[in-house]
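Look for chain A in each of the two complexes below; its partner is chain B in the first and chain C in the second.
What follows is the complex of A and B.
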C-alpha cells in the first residue's frame, strides 16, 4: 500500500463520519415516531406509543396505502413485461439503432424528474385529452420502472449465455417450450428482484406522481406531502415515515440475495 | 401424412427468421418508450409554442414565441434558472468531494471482507423513502431540532429553511448515486499501477494527483450526471426544506396547477432538457458515458 499510515487512518475516519451522517436522519425519524413532544424538539422530552395507535386507525393513510399498492402492482406488471422484452432483444440481437434503444430505456430516469412529469402531464391533458386518473399514473410509473427490470434481466441473460437454449432446441423443443421450460426458469429470480425494486421505486415516487395522478388518486407519498405541513398530523406522518424506512429494508435485502447487486440496477 | 399444428409452424418460422423474432420482442417496448415517451417530449416543445387565452385559461393553438421569450428574459425566471443550475453544480461538487475519499477507502484500503458490507451500507439509504429523508432533514433544520441542539455548545444555530438546507438535503439524497460509479471505477483500477508509481519514487500525494485522479475522472463525471440531473429535476425537497426559495420545478408545477398556464409550464420544462443535453454532450467528451 502506497499510502502513509496517517492517510489511511484519515480515510477510515472520513468514511465513518459519512456513514454516520447517512444514517442520522433515518434514526431521527425512528425516534420522532415515539417522541412525546408534539413539536419534535430535540432531545425528546419523553416517549410514547400513542402516535402508533393513532396512525393504525388513520383512514386517510390506510386508503393512500391501498392506492399505492394497486398503482405499484400494475406498474410493476407492465414494467416486467416491457423490461424483459427490451432486455431480450438488446442482449440477443445486433441491429441498427441498438444503442439508441438502450439510451431510450434509461432516458425516463436519466432526464430530470420534472421533465418526465410535465411531458407526460402535457401529453395526457393537451395532446390526448385524457383526464388524469389512476391509469395515467400507472402509465407514468411503468415508464420509469422499465429500466430497473431491464438492468436486472439483461445482467442475468449475459451471465446465462445461449448454450442451454440451443441444447433445448437441438433436442427438439420448439421456441415456446424452450422459453417456458429453459429461459424463463433461469430468469425467474432476476424477474423477482427487478419486480420488487420496480415496485419499491413506484411506491416511493412523488416528483412525476404529482404531475400524472388524478385529483382523487392519493398515493402514500401524496398523502404524506399533503399532511407534512399540518402540525396536527405531524405525529401520524412520523409513524408512517418510520414504517416506510423499516419496509425499505425488505426489497433491498431480497434483491441483494437474488441478484447480488445492492443498487438493484438503479445506479 | 401428419398434420402440422399452427404452433409448430409458427415456431419453426420464428426459428428461421431472426428478424421476425426481434420485431416481436422489440415492438412493444419500442412503441411504449419511442412513441409514447419521445412523443410526449416532442409534444412538450410544440405546446411551449402555443398560447393561452387570458380570460378562460384555455390553450389556443396559435403559434407564438412569447413563452420562450418570458423564460429567457423575465428576471424572475432567469434568477430561478441560475439558482437551480447553481445549486445543481454545488450539490455535485459536494457529493464528489465526499464520495472520492469514501469510495477510495472502500475500494483500495478496506479489507475485501468488509467491502460488500460497506457498499450495502452506502446503498441501503438509497431505497429508504425519498420523502421521509427530506422530511427528516426538515425536522433537523427546524427550530429546536437536532442541528440547534448539536450546535448549541459551539454557539451555532440552524440556518433554518432556505438554500443552505436545500443544498444539504439534496447532497444527502443523491450521495449514493455518486459513490457507486466512483467505487466501480476505482475497483477496476489495478493496484499494480499504484505500486509501480510508488516504486518509481512518487510520493502518495503525487500518485493520487497524477495516477488515481485522471483515471477515476470519467467515473466522477458519470456520477455527476445523476447528482446534477436529479437536482435539476427536483422541486419537492425544495418545498419541504427550501422555505420561500423556488427551483425550475416549482415554476413548472405552479404553472400547471394554480396559475394554469400549460404552454408556459412546457416552456419552463424545456430549460432542464436543454441544460441536460449540453451536460451530457460535455460528459461524453470526458468519456463518462461508458461508466453509466
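What follows is the complex of A and C.
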C-alpha cells in the first residue's frame, strides 16, 4: 500500500494519541502509588514506598488478593478441562447441532457481564437453590474463561489437522496413547496460553463477580471498588490497582508469546 | 511376475465402496495385491485412489465391501490393529519430537526396550542415509529429508504393507527421479509390499510392478506398466497414461481403413517426407505439420492429415527437427493401432 508522507505522519500521530489515551492513566496510577503527596498533587512531591508497605499490611486487601488468586486458579482449571473437551469434540467429530454448540460455547464472552451476572444469580439462588459462595463465583467465572481456552485449543487443533493423530495410530498407538503422546504435546502451549488468558480474565472481572459472589467473598477488583471513595484508603487503592495491572499484564504477555509459537512445540 | 494363485495376497479388496454423503468416492473395487509387490494406484485427483488407500490403512470405514490383509478380514479394525504403515503426503512427522524420536515412535508404543529401539532406529535412519540428522527436529529438515525420515519411521516397525500417499508429490523433479530409484531399491531390500498412490503416470510406469488406473471410483484397467501403456483398454487409460491419438469410428475408417475405435502412441507413427506414396495413401496418410513441440530427447508433432483428422507423432531427436508446414507421410503398422472398448 502506498502512503504519502503526510498520511504516514498522520497515522503515527493517531497511533501515539490512542496509545497515550490507553496507557497514560495507568502510568498515573503507578506513579501515584509511590507519590509522597497524600492528596496526589501533581507533579508528585516525592517518592515513597509507604503506601506499598501499608498495602502489604492491609488485611482486607491481602484477603481479597488471596480470594482472587484462588477463584482465578479454580476457574482456570475448570475452563481448561471443559474448554479442551469441547474443542476436541467440535473439531474432531461432526454431529447434529455442531455449529450451534460451537456458537453457544463462544457466546458468554460476548454477553454483557450484567446479563450473565443477573442470569447466573437467578439461576443459582432461585432455580437451583444454591447459596452464593466462592464456588458459585468460580462457576460463573468459568463460563467466560472456557471461551478463551476453547478458542486457543480449537485454533491449535485446526492448525495441526488430523494427520499427526492418524500417523500415530498408523504406527500402532491406540487412541489414549495417541492423545497422550501426540495431541496433548501439540496442544500444550495452547493450553498454557488459554489458561493464562483465562486467569487474567477472571482476575480482573468485576460485574459478574458482583452478582455471583457470596457474602464475604471479596475479590481484588471488588475490594478496590468498595474502597475507592474512602479517602484514607485511596493511596492503598493505587497500590492494589498497580498490582492488579501487573498481575494481568504478565499472563497476557506470556500467552501472546505462546500463541504465536509456530512450531507449537516446547514450553 | 507375481503368482496370485499359490500365495495369500498381501491385500485383497472385495466390492469396496465408500460414499461421503451423496458423493460416491469409491464405487466397487475388487483387487488383489501380491506379497512383495510394488503396486501403483494411478488416477486423476478425485478418482478415489487416496480413499482406497485410507480404507486399507483404516482411516476410513468402507460403506460396503471388505478389506483383507494377509487373508484376515480387517474391515472393522482400527488403524493401530493393522500391520500396515503409511508415508503421508505431507509426511506428518511429529513436530515436538526429534528425528530419532519420530523413528522410534512406533517401536516405543509397541513397548520395545530403549536399547532395541535405538538400534533399530539407527539402522532405519542409516537405510535412508539420515543418521546424521537424528537429533534435528522435523522443522529443520528439507522436504526430501522429511520424506526419508517418514519412510524410516514407517519401515522401522517392519509392516507387512507400506502405503505411500503421493510420496514424491512435494519434491522437485531432480529429487523425485532420485527418490524413484531409491524407493524401488528400498522396497526390494525390505521385501515389503508397497502400495503407492500417484497422479503422475511417469512415476507409476517407472516404479511399479503393476498399476491400477482409477477413474471415477472404479478401476479402469489393471496390469503391468507395459500392458497399461502398450495395450490400454479404454480411451480414458489411453489418454491418462502417456500421450496418444485416439481415432474414433470415422477416423479409423479414413486413416486405418478399419472399423472401431483405435489408439496409437505417437512414437509408433513413422514419418517420411511426402511424395513417395500411392494415390490412396496420398488421400488418407499424408498431412501437414501443424505444430512442433521440442522436448529435448524427442520432438512431438501435431499433424493435420489430408482427411481432416489430427494425429500426434513423435520422433527421437537424432537428426534435424522437422518444420512447421512440412508435408509428411505417416505409416502405421496394423499392430500399433490398439483397439479400445
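Just so it is clear, the second predicted complex is superposed on the first by the 256 of 267 C-alpha atoms of A that agree within 3 Å, B and C clash if a C-alpha of one lies under 4 Å from a C-alpha of the other, contacts with A are read in each partner's own complex, and residues count from 1 in each chain.
Going forward, a contact is a pair of C-beta atoms (placed from the backbone, for glycine too) under 8 Å apart; a residue touches a chain by one contact, two chains touch by 3 or more.
Note that the coordinates shown come from a computational prediction; the quantities given were computed from them, not determined experimentally.
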Three-chain arrangement built on chain A, chain B and chain C clash or fit: fit
First (chain B), second (chain C), both or neither touched by A:134: neither
Touching partner for A:73 - first (chain B), second (chain C), both, neither: neither
Partner chain(s) touched by A:186 [first = chain B, second = chain C, both, neither]: second
First (chain B), second (chain C), both or neither touched by A:65: neither
After the two structures are overlaid on chain A, angle v-u-w for chain B, chain A, chain C in degrees (C-alpha centres, nearest 10): 90
Partner chain in contact with A:81 - chain B first, chain C second, else both or neither: first
Partner chain(s) touched by A:169 [first = chain B, second = chain C, both, neither]: both
Contact breadth on chain A, by residue count: chain C or chain B: B
Touched partner set for A:122, first chain B, second chain C, both or neither: first
Which of chain B and chain C A:254 touches, first, second, both or neither: neither
Minimum C-alpha separation between chain B and chain C after superposing on chain A, in Å: 6
Chain A positions touched by chain B in one structure and by chain C in the second: 169, 174, 263-264, 266
Partner chain B, residues of chain A touching it in the complex: 1-4, 7-8, 10-12, 14-15, 18-19, 21-26, 28-29, 32, 39-43, 81-83, 85-86, 88-89, 92-93, 95, 101, 104-108, 110-123, 125-127, 139, 142-143, 146, 169, 174-176, 200, 204-207, 210-211, 221, 224-225, 228, 237, 241, 244-245, 248-249, 251-252, 256, 262-264, 266-267
Residue ranges of chain C in contact with chain A within the complex: 57-59, 78-80, 84-86, 88, 90, 92-96, 105-106, 109-110, 137, 139, 153-154, 157
Chain A contact footprint on chain B (complex, rising order): 7-8, 11-12, 14-15, 18, 21-22, 25-26, 28-30, 32-34, 36-41, 43-44, 47, 59, 98, 101-102, 104-106, 108-110, 116, 118-133, 135-140, 142, 144-146, 148-149, 172, 175-177, 180-181, 194-195, 197-198, 204, 207, 225-226, 229-230, 232-236, 239-240, 248-249, 252-253, 256, 262, 265-266, 269, 272-273, 276, 292
Chain A to chain C touching residues, read off their complex: 163-164, 166-174, 177, 181-182, 185-186, 263-266
